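In the two complexes that follow, subunit A is the common piece, with subunit B as its partner first and subunit C second.
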Partner chain A sequence: MSAGSTRTGLSLLSPAFLVMAATLLAPVVALVVMSFWSQSGFDIDRSFTLKNYARLVEPGEGVVWYGIRFPFAYPVPAVLMIKSLAMSFVATICVIGLAWPMAYFLAFRVIRNKAMWIILLTIPFWTSYLLRVFSWKIVLGFNGAINSGLMWLGMIKEPLEFLLYNPVAVMITLAHSWIAFAVLPIYVSLEKIDRSLLEAASDLGDSRWTRFRRVTLPLSMPGTIAATLLVFIPTVGDYVTPTLVGGPGGMMIGSLVQQLFLRQDNAPLGAAVSIVMMLIIAALVGLFLWLIGYARMRKRIG
Partner chain B sequence: MDDPIIRLDNVEKSFGDFRALKSISFDIARGEFFSLLGASGCGKTTLLRILAGIEQPTRGQLTIDGKPMAGVPANQRPTNMVFQSYAIFPHLSVRENIGYGLVYQKISKAEAKARTDEAIELVKLEGLGDRSAHQLSGGQRQRVALARALVCRPKVLLLDEPLSALDKKLREEMQQELRSLQRTVGITFVFVTHDQEEALTLSDRIAVMAGGKVLQIDTPQGLYERPNCLDVAEFVGTMNLFPAKVTGVDGAKAVAAGDPSGEFAGISAGRPAAVGDTVFMAVRPEKIAIRAGAGQAGRNQVAGRISSVSYLGDRSHYLVAVDGLAAPVAVYLSNLAGQGMVGTPGADVTLSWDETSVLVLDRA
Partner chain C sequence: MRRVDLLVLYAVFFVLFLYGPMLLMPLFSFNDANFATFPLKGFTTRHYTGMSANTSMMTALRNSLLVGTAVSVVATALALPAALALTRYRVPGGGAILSFMMLPLVVPSIVLAVGLLVVVLRILGIPLSLWTVAAGHLMLCIPFGMTVLMSRLEGFDRSLEEASRDLGAGGWGTFRRVTLPLAAPGVISSLLLCFIISFDEFVISFFLTGTDNTLPVFLFSQLRFPNRLPSTLALGSLILVGSAVLVILAEILRKRGVASDNPGDI
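On to the complex of A and B.
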């Protein structure tokens, strides 16, 4: 690229950069700055301090959660962090497990009306996230669709209470909310696979299954990884779903941040928790990409 | 043919209502370099894919190496294919691409590696084994595709226009290499091309196809000298066509009155002509003698006027306008020692040729 066209490119990008800086970078910077302040009563003390971060790792009696010991004086953030990661992980696995066959079907089995299928897939997204979560509350609730249905069929006498307000309800709701986001990148990467590659694999001796394992699966990896990250990263910090369908047991780290900011009036500590959460997620994503050899793969598949 | 490697018996293929292949029957001999030649869309790729087992014939029998192929999937056929797009696996290195099919051969790891090395050497890709597909040029991709298929030692190698994506110089180089490679490995090649020159250069035999049918199967010389119909005559090389009406027949020999003028004698190409048939009297440009001056018109002799001359070094191409003919007559002359140009555009000339050079073709 010549210097001139680089400059043109930059000036074309600059509106996007400005918007991004304003909406993404600025809040993060604000958050970082705030995490070094402290709360004193109703006021915020703006002198630099590390005490918010120290609080998160301060040793103490701690708690045991599912056999894991959290030896901190204030163990709630650590426990919720691990719990959120675990719940997002399970939700992500479910999402990818459901989205993959759908994307495969769309890419390889649907010949006509592909556009219609894709639009059908996005229909749930015409309503707001909040409404979708609420609809799960209606499905899973005490007087919800499942309970009334089962009672009407005479299979149960009392409504089942374990459906709603627990981690499983959160994971089901998260999985449902994010599935279409996962289908699309996987679909694109499958759709992009040149059909003659599959024919060549058969010609060279592959059965349908070995061909899938040796060609289709590896070539779908960029889309599958994108889908995994697209679901995992935002769900870890989600607080709407746990608040609405999680109950006390289904609380996640996002719920804590929200409480710290709004109810407990300790925004600096909330900021510190957010920053730590962001760093942990970034580290995990980096580790994940490194483990699957993303760099090498990108060099090959592009 | 005794013990052919491939036998096609009334093979048909329809896509919905569209008949892509119509009743194809022929044999291919072991070790033959066999080409399928025809314009784009005539069904060459479809036929090749049926041989490979990627596509199933709608009707008819295919036998490869004595075994009926009905119900035998692509991965169990003794054929390998070089795809038109090359179909190089983008997530694998050159070496992994070439070794792709070897896992299904009952050989040791060491032997597989040795065979991959050998194939890499055969197609002159030494030192490029660790590259990935997008780091290769078109010619190199073509070689990878070729090596990947050859390394499996198929009984038949199927090649779908493997050279059409290459530039002219590389294409000619690869033609020579392909031909000598085929002699070295001794495998039957079925080669698809729409380039008649390429087919003539490479093949032992050629099947000329049009509209899903095989028009003629012959050696390159046979196709050029004795095309059996107008389509083949026009597709292979250049042909001058004089419309005429048959006035006399003597065995394969026929005499015809030119339409609108002239008198011709020639040899029937397909079935013998009958008196009253409307035909084309067909003559190749290099069989025509050209003489300065407007001579007497006579049997296999016409008068005309040069409309253009192209000097091509070793030969010259003349286009001669003849009264009553829509298209000018093409004449190719070798520029032999001591032979000057016959004339410049506008000059009157006389064209003549031997009756053994004239083919009588049915006017379709």
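On to the complex of A and C.
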């Protein structure tokens, strides 16, 4: 390609890039800068300080949460971070476990009406996240569908109070909200598998199960890993689900960020919490990819 | 044969799980009661009839339509040249730029929202309004528009464009008379999907809106009042149906467009 066409390419790309720089890069940079400022009364003190980060790890009496000690003077962020990671982790495992067979069905069993099935799975992903979460409030609520249904059937006398406003409700809702999103990447990697490889495995004497374990499953890994990350990363910082179905016990780190910014008016501390959250997620994702040998896998499968 | 049956059964349950909770909303919205409870009392449309008289709901609807339309047009107009650049030209660092632009798909929206809030309030010092909401939505929509358009642009035969150039058409002529008509299904699908994203988006709107509510922000504010549950259910049902229709339209357009030129490709 000539230099001229490179220049045309750059000039075609630059408007979108500039808008993204202004609306995505600038906010992230602003958050980083803000996290080194501090709140004093109603004003922001713009002199450089590490105070916000120090506050997150400042030693103190601490609390014990599920047998884990958090020896910090301000343990809320640390507890909520661990709790959010754990809840997202469980939700992600459920999502992948439930989405995988569906993707397999779509790739290997559906022959006609494939587009219809894909649209059927896509619609929930595109419809309002807020409404999807809200619908679980209707399902699980004190005056909700499950409670009133069971009472109507005479199976319980009093509404069950443990359904809504707890971490389990949050995890169910998260899993449900993201499950449609996870099917597609797994499906794509299964669909791409060269069917002659499967025939070769059978011809060479593999049983169906061995063939699945040694050919299909490894070849589906890029899509499965992509789905895992696409679900895990955004759910850690989710705000809508814990707010609507979590109650006080189901709070997550996203709720804390919102409170620090809008209610407690401590934006610098909120910025520091956001930055630390993103760094921890990035580190965990990097560790995960390194542990499973993602680079090697990509080279092999391509 | 047993294995096949089990998988089909699983798929049916999967779809039921996916749609079940969401379908309760329209179900209860036609129920003649003030709570979302079983047993169903009787059929009524009374929760829907009062809607047009609710001025704050209508204002929120108008705001959402306005922002959604503007955002979908601008995002698609920006995404189309960018998608062309990344599929047709050699752009240095194109892969890295693309990864950067796809970040809104993985960064939690609360982080994007508070980051934008800091930029708008502390750095630019401009008041929150529908404009700031639209800026946030633009950031969310451009990556989706680019994904849709890039797959469309990669989907059709590039020799058509080469033929056009060989026959003497310039870059602009080729774009207008060959590339754009072929990319049209992708463009329409990008417009529709960007509109839905903006119309349904809550977190960024919640943080970046001033006194003007968008429909999801209005809906959220209603959730606090138990006595407004029926009208909230009715509104939610209408939003669900509206989004579903638009998604089906966008997906059919996208699939049909790709399938017609490139059989066997999804």
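By definition in this document, the second predicted complex is superposed on the first by the 284 of 302 C-alpha atoms of A that agree within 3 Å, B and C clash if a C-alpha of one lies under 4 Å from a C-alpha of the other, contacts with A are read in each partner's own complex, and residues count from 1 in each chain.
To be clear about the criterion, contacts are C-beta pairs under 8 Å (C-beta built on N, C-alpha and C of every residue); 3 or more make two chains touch, one makes a residue touch a chain.
Since the structure is predicted, the reported quantities are computational estimates derived from the model, not experimental observations.
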Between subunit B and subunit C, whom does A:Ala200 touch in the aligned arrangement: first, second, both, or neither? first
In the overlaid three-chain picture, which partner chain does A:Ala16 touch, first (subunit B) or second (subunit C), both, or neither? second
For the three-chain arrangement built by superposition, which of subunit B and subunit C touches the greater number of subunit A residues? C
One more residue to check, A:Pro218. First (subunit B), second (subunit C), both or neither? first
Between subunit B (first) and subunit C (second), which does A:Ser148 come into contact with in this model arrangement: first, second, both, or neither? second
Hey, which residues of subunit C end up touching subunit A in the complex? 4, 7-8, 10-11, 14-15, 17-19, 21-22, 24-25, 28, 35-39, 78-79, 81-82, 84-86, 88-92, 94, 97, 100-101, 103-112, 114-119, 122-123, 135-136, 138-139, 142, 146, 171, 193, 196-197, 200, 202-203, 207, 216, 219-220, 223, 233, 236, 239-240, 243-244, 247-248, 251-252, 255, 259, 266
Subunit A partner contacts - residues on subunit B that touch it in the complex: 49, 52-54, 73-75, 79-81, 83-85, 87, 89-92, 100-101, 103-104, 132-134, 148-149, 152
Within the complex, subunit C is touched by subunit A residues 1, 5-6, 8-10, 12-13, 15-17, 19-20, 22-28, 30-31, 34, 44, 98, 101-102, 104-106, 109, 114-115, 118-124, 126-132, 134-139, 141, 143-145, 147-149, 152, 176, 179-180, 188, 191, 229-230, 233-234, 236-240, 244, 254, 257-258, 261-262, 267, 270-271, 274, 277-278
Mind listing the subunit A positions that touch subunit B in their complex? 194, 196-197, 199-207, 214-215, 218-219, 297, 299-302
